[in-house]
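Below you'll find the structure I mean.
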Amino acid sequence: MTDQVSLNRAELSEPTYTADEMMTVAAARALRDGMTCFVGIGLPSAAANLARATHAPGLVLIYESGTIGAKPAELPLSIGDGLLAETADAVVSVPEIFNYWLQPGRIDVGFLGAAQIDKFGNINTTVIGGDYGNPRVRLPGAGGAPEIAASCREVIVVVRQSSRSFVERVDFITSVGYGSGPGDRQRLGLTGAGPKKIITDLGILEPDPVTLEFTLTGLYPGVSAAAARERTGWDLAVTAEPEIMAGPTPAELDALRSLSGGIPAPRSHE
Amino acid sequence: MAEIVSLAEAVEKAIHDGDAVAMEGFTHLIPFAAGHEVIRQRRRHLTLIRMTPDLIYDQLIGAGCARKLIFSWGGNPGVGSLHRFRDAVEHAWPTALEIEEHSHAGMANRYVAGASGLPFAVLRGYNGTDLYRQETLPASHGTAPTIKPITCPFTGETLTAVAAIRPDVAVIHAQRADRAGNVQFWGIAGVQKEAVLSSRRSVVTVEEVVDRLDPRPGDVVLPGWTVSYVAHVPGGAHPSYALGYTVRDNDYYVAWDAISRNREAFTRWLHERVYPAPAGQP
Amino acid sequence: MAEIVSLAEAVEKAIHDGDAVAMEGFTHLIPFAAGHEVIRQRRRHLTLIRMTPDLIYDQLIGAGCARKLIFSWGGNPGVGSLHRFRDAVEHAWPTALEIEEHSHAGMANRYVAGASGLPFAVLRGYNGTDLYRQETLPASHGTAPTIKPITCPFTGETLTAVAAIRPDVAVIHAQRADRAGNVQFWGIAGVQKEAVLSSRRSVVTVEEVVDRLDPRPGDVVLPGWTVSYVAHVPGGAHPSYALGYTVRDNDYYVAWDAISRNREAFTRWLHERVYPAPAGQP
Amino acid sequence: MTDQVSLNRAELSEPTYTADEMMTVAAARALRDGMTCFVGIGLPSAAANLARATHAPGLVLIYESGTIGAKPAELPLSIGDGLLAETADAVVSVPEIFNYWLQPGRIDVGFLGAAQIDKFGNINTTVIGGDYGNPRVRLPGAGGAPEIAASCREVIVVVRQSSRSFVERVDFITSVGYGSGPGDRQRLGLTGAGPKKIITDLGILEPDPVTLEFTLTGLYPGVSAAAARERTGWDLAVTAEPEIMAGPTPAELDALRSLSGGIPAPRSHE
């Protein structure tokens, strides 16, 4: 009862949270207790640590720095922060984390960010505009993402939505979602099932079961499907009755804010 | 057998113009002091190899030391862009920078192949990505491909081969060495063992030189006979860190954004903080 | 997530007739008690996989548990022959034993490939040896080759590919586990990590179950979610050893020569020392 | 002077040592201080440890169990004895010892035993007699030897000499010496230089510079070339003036005996 009252109070006094906070909470809710999760830095790391601090205390966080089962009490700024190593069940070398842990498909879920993403969930974090060798914007590049996208049993992408970042066709395929559509992952030999959700600051997109095109299936309180379509660079399909997601609970917000004193801006892909 | 020398001597003897140099350390134990010494000694035409170029290569690239960069993730972790890297790629400043880019898994396996004396390594990776065809893309530098398909002779499955990395020199920072030049580091271990074992020569800066290396949980030990030069440089990883000795200077990483965003601010930083400074004072 | 159960239950649930079983431990941490439990539960038609069959597989082979042996060095270390292994190969007693043999480097890399989710691994090896053509030799069992040439797509050099090992079950002995089934071992680490990570299921016997695994120099930790069953079996490596807990029983290795040399003496040993004994009492 | 006197006294009171002791001493003398040495168990291990206890204190012993720089105070019975790990500079996994340490050719010398060896230094430790699948004698097999023989910068073989073990043609090539003669190692892609010495209980054989056929170049005190030829299964060539090796010094014998209380019989290949 107490929880319900608190929730109602939070809803009444909206907006008590930012769009980024809602996005992070929604992403955290997508993780189940006991899962193993390969975590990218930035928003994905915030969401995974929020899940561990709330409904999924047994979530196993794996970072590409080789830390398995890291339990940071606050959000790391980088993927190789000392507190990840000091709180981990095991620390292994970087070749080992990719070869023995990620590649064989033993990780349940990969949690990725994106600079650009297309309707088949392909991700670009390499270059935007111009030519590859002479780009308008040089992004950081691949990091661990291509193999996270290929080999985790499933992938969740956490990214702010805009018509510039949600594009018909990415300028460079850094990490493969569904390629050009059904059958492509199998043809390419990618062992994981691919991206199951794109969680944005507006709502949630999921692949259409037949076409694999990402479709709006969920919206946060107060966000319209029209707004989501406007902030998408392709003709975004909307499911018949998009679910209206619950806003963050006070417990979720408290946990998130005490992790970080705010969410780290995912500026590393800008 | 490793010689224990000054940082200046180590860099002078081990790193020459035109060398392929791998300065490794995955967020942890990045050999910044050695990187600054390379800038001070005005090395040129280097091929810089590093999974995460990080600030250290942003600085070397901005200082004009590099001809080519081989890497897998070129951002300022948790902060944003590496502006000197971007300026080199986007505007060829201070000079054009050839790039050869991979995923982390690919880079790690390229070092493994190098350390193992093999010409290539095999992984599941790159299929369907544009990384696979980077040499053929418009305005690319068209260097020889380092990613190719390979067929399993038992199952017929197609996997991906990546070419071995064999640097001329590896440069790493470690917590300790003993007087015989045996090197020990612990915490996030990255690819430093592979970088040293894949390289012809190596330079290791250390927090401490001790009489005896007592075993530590999670330690990696490189016997002195695999190391060329050891230099005693306390704090030599700053603004990265050495677990148990220093902490990561996150403020420095944040502050670097403004310094590096602007060519003049960067050049001033070089002249004020690197060229005149003794080893280990970034 | 690992279940902590009795050794009998672990073997019953994890190991079935006809399974491919890898009991690893390189001289150190050999899971003898688990091997004896497999004999007691009268498993048959197993494919036994192990770099060094050692006494543990001499015993399983002599007890008639094995259909096939995949290995790289089948001697009694420092003592001489494995007589039960020889009797099976030379005289098909108690039953014919198919063999698939490799070098240590080949076996280790086959496990690495299995642990890495790859169908093969690449090494410099086997060229010029008769191991390369074992399937074609007179009176061989003619199984599918697991050693084949492979060409580097960058240099054109010919190297050697070995097929991955993917056992049904890995069985290892470790110093400790915690109550969540996280496993920790240290000292000579062999290929146990690779054996567990390449297998569908795993059984780990341990000297101790503790509340918390404090880090130890040189330790390997296998998270509980990579392990199927943990059983508390102090002394479960005897006559091998668990560094920090027990010492190698070299006298036992020497005494085994006489016991194993003779079918009757061996059968008596089985009936006196294995079939009736509780877990962990060889 | 004192040393010389002792040596003379030892020579006068012969036999004060066994043939196996002489062989082990001769093998130890082949190792130089500061070398890295990949050591097989049995006679090679005894010889390498003797060298470390006498003229080569900086000899780096590497065992296939992953122990690098092991400094055992007494001879290990097995390659994985606890004292190897406890005294090592570093302990690495078995895949790593072969892939990162042996394979790239960074080890100076490999020290091997043999059950059969032929005139080109090819070694058999697999089967003798009968057919491969139905042999008269099943030997232990390859272990680490094939890659030690392939990849160490050079190889030294330590083996008792007999016409049964020194054969025209080995029944099975487990580890390659010079194959069928000059050019074979290069053709096979073997990166090391191959076997430089076979040290036996009678003397020393070295490859002929042109034919690479192993030739008697050294004899222990009191052993004749005729005896060595008699205990060789091929028509053993003898160099013009075989060197007569010095017998063990008292220091060498003391060190050897205190290591082991005798030499372990290399029975693992019988």
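Letters A, B, C and D mark the chains in the order given here, with residues in each chain numbered from 1 onward.
Convention: a contact is a pair of C-beta atoms (placed from the backbone, for glycine too) under 8 Å apart; a residue touches a chain by one contact, two chains touch by 3 or more.
Here the structure is a predicted model, which is why all the values come from computation and not from measurement.
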(request) Identify the chains adjacent to both chain A and chain B in the sense defined at the top. (result) C
(message) What are the mutual neighbours of chain B and chain D in this structure?
(response) C
(request) Write down the chain pair with more C-beta contact pairs when A-C is set against C-D. (result) C-D
(message) Using Cα averages as centroids, what's the distance between chain B and chain C in whole Å?
(response) 39
(request) Could you grab the centroid distance between chain C and chain D? Build each centroid from C-alpha atoms only and quote it in angstrom. (result) 29
(request) Round to the nearest whole Å and give the separation of the Cα centres of chain A and chain D. (result) 59
(request) Please list all residues of chain A that touch 2 or more other chains. (result) 99, 103, 151, 191
(request) Could you list which residues of chain C touch at least two other chains? (result) 112, 117-118, 123-124, 157, 159, 193-194, 218
(request) Examine which chains touch each other and state the graph shape they make (line, ring, star, complete, other). (result) other
(request) Identify every two-chain combination in which the chains touch. (result) A-B, A-C, B-C, B-D, C-D
(request) State the interface residues of chain C toward chain A in the complex, per the touch definition above. (result) 1, 112, 115-118, 182, 193-194, 197, 220-223, 225-226
(request) Quick one: which bits of chain C touch chain B in the complex? Just the residue numbers, please. (result) 117-124, 144, 146, 148-150, 152-155, 157, 159, 161, 163, 215-219
(request) Note which residues of chain B are touching chain A in the complex, please. (result) 26-28, 51-52, 71-82, 85-86, 89-90, 99, 101-105, 108-109, 111-112, 123-131, 134, 137-141, 157-159, 187-191, 193-194, 218, 241, 243, 247-248, 250, 253
(request) Mind listing the chain D positions that touch chain C in their complex? (result) 41-42, 64-67, 76-82, 84-86, 91-95, 98-99, 102-103, 126, 130-147, 150-151, 172-176, 179, 184, 188-191, 264, 267-270
(request) Please give the residue numbers of chain A that touch chain C in the complex, ascending. (result) 34, 36, 60, 68-69, 89-90, 99-100, 103-106, 151, 191
